[in-house]
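So that you can tell them apart, the chains are marked A, B, C and D in the order they are listed, and the count of residues begins at 1 in each.
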Amino acid sequence: MVENIEIILSNEPLSLSVCQSFVEDPAAGGIVHFVGAVRNHTKGKTVIRLDFEAYEPMAISEMQKIAEQAIQKFGVMKIAIHHRVGTLEIGELPVIIAVSSAHRKAAFEACQYCIDTLKETVPIWKKEIFEDGEVWVSATP
Amino acid sequence: MVENIEIILSNEPLSLSVCQSFVEDPAAGGIVHFVGAVRNHTKGKTVIRLDFEAYEPMAISEMQKIAEQAIQKFGVMKIAIHHRVGTLEIGELPVIIAVSSAHRKAAFEACQYCIDTLKETVPIWKKEIFEDGEVWVSATP
Amino acid sequence: MAMKIKVLCFGITRDILGGFEKEIELPEGASVAFLKQRLTDEYPQFQKLNSLRIAVNEEYGNEELVITEQDEIVLIPPVSGG
Amino acid sequence: MAMKIKVLCFGITRDILGGFEKEIELPEGASVAFLKQRLTDEYPQFQKLNSLRIAVNEEYGNEELVITEQDEIVLIPPVSGG
């Protein structure tokens, strides 16, 4: 069987073209990518950088589960989920999710399902570093 | 004002990273790409290649309108729509649509709106070349 | 009074009319709807198309729009970009 | 009978417990719910979190799951990947 899921946790910059290459397939007519980016502000405060950490083995197994669920739920072909850990500057990419499918609607739905679910279940945490302090995102109200 | 829309019709291969670079913005937290790809079969028949042609000035102005509507409708930041013309082999990319947004839901909706509308209104035509003939896609029932 | 208009033909309409650029004689004051009717009468294959739109000066023209000799008239069969 | 379990602390839980790895004494047969209650009693800051899940051997454990000394126990405060 051809491998149809690629999960990567990496300290190095992520590559959109690597994700695209993994999901490409002669039978795929549509590919949808979600690319996260580090914004320069949040709730009106200026962000200097973000620090990401992961409970790595479980982060990988949870991302694998999400991709398997998405393939089953939406009937898509291949999924790549690449996530950064470590320190990220403004504009860097914390996550890329690529989904290929025979038809585009399923690719959009599956890609959105993957990023929505990743943000709920995958044990990865980010700390926002401001000029005057830092905060674990979403930890407290 | 910073240019927030880039429309390109091209004879040369399209580049995902060029689209990504155009839509990146320090205030953008999410970027969604739709990438079309030439499939190797359609309705059970093997496709050899596709020939695309466009009524170029109007194709460009219609794509511009779609991007403007999407920005207004969904409140997204920047949109790139790049479309190929000429002969494309299996696996080549006829279209890339990139949308950046502060928040991801709007980026998904705007990107899907752009490709759905493009397929309805933009004067571009593709002919599928089979081993035993050719057909203008969608022209007749 | 008659006028001669030039129509540009893309996709399958080029195959039907047998060329990219065609001259067609219409009565002065003819509308987009009139041109469509004339084409369908002259080339029955147009009836088989899923749709036929006519662009006038790079915009989709509504059926009542009156055509002049100066307009750029383009036949738009069902599109299939993307 | 008491047992000593080791918990690993990520994100804000590391700040609350003051370290990545903590040893905690629990009665034998203690459940995930028991551990959560013990943590909340000992570290009132846990009450301020939007959520606290506990992973047992790399899976989210339900509240009734019984913990043993051999399990890998990890505190999962609200996640914020992506």
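Methods note: a residue touches a chain if its C-beta (ideal position, glycine included) is under 8 Å from a C-beta of that chain, and two chains touch if they have at least 3 such contacts.
Fair warning: this is a prediction, and the values are worked out from it, not measured in the lab.
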Contact distance in steps, from chain A to chain C: 2
Shared chain contacts [chain A and chain D, defined touch]: none
Most distant chain from chain B, judged by the mean position of its C-alpha atoms: D
Centroid distance [mean C-alpha coordinates] between chain C and chain B, Å: 26
Chain A and chain B: spacing of chain centres that average the CA atoms, whole Å: 23
Interchain centroid distance [CA atoms averaged], chain B/chain D, Å: 49
Euclidean distance of C-alpha centroids - chain C vs chain D, Å: 73
Numbers and ranges of chain C residues touching at least 2 other chains: none
Contacts with two or more other chains, residues of chain A listed in rising order: 36, 115
All touching chain pairs, where touch follows the definition stated at the start: A-B, A-D, B-C
List of chain A residues in touch with chain D within their complex: 36, 52-55, 57-59, 61, 83, 94-95, 115, 118-127, 136-141
Residues on chain A engaged by chain B in the complex (per definition of touch): 16-17, 20, 24, 26-41, 90-91, 100, 102, 104-105, 107-108, 111-112, 115
Chain C residues within the chain B interface of the complex: 8, 10-12, 15, 48-50, 55, 58-60, 74, 76-82
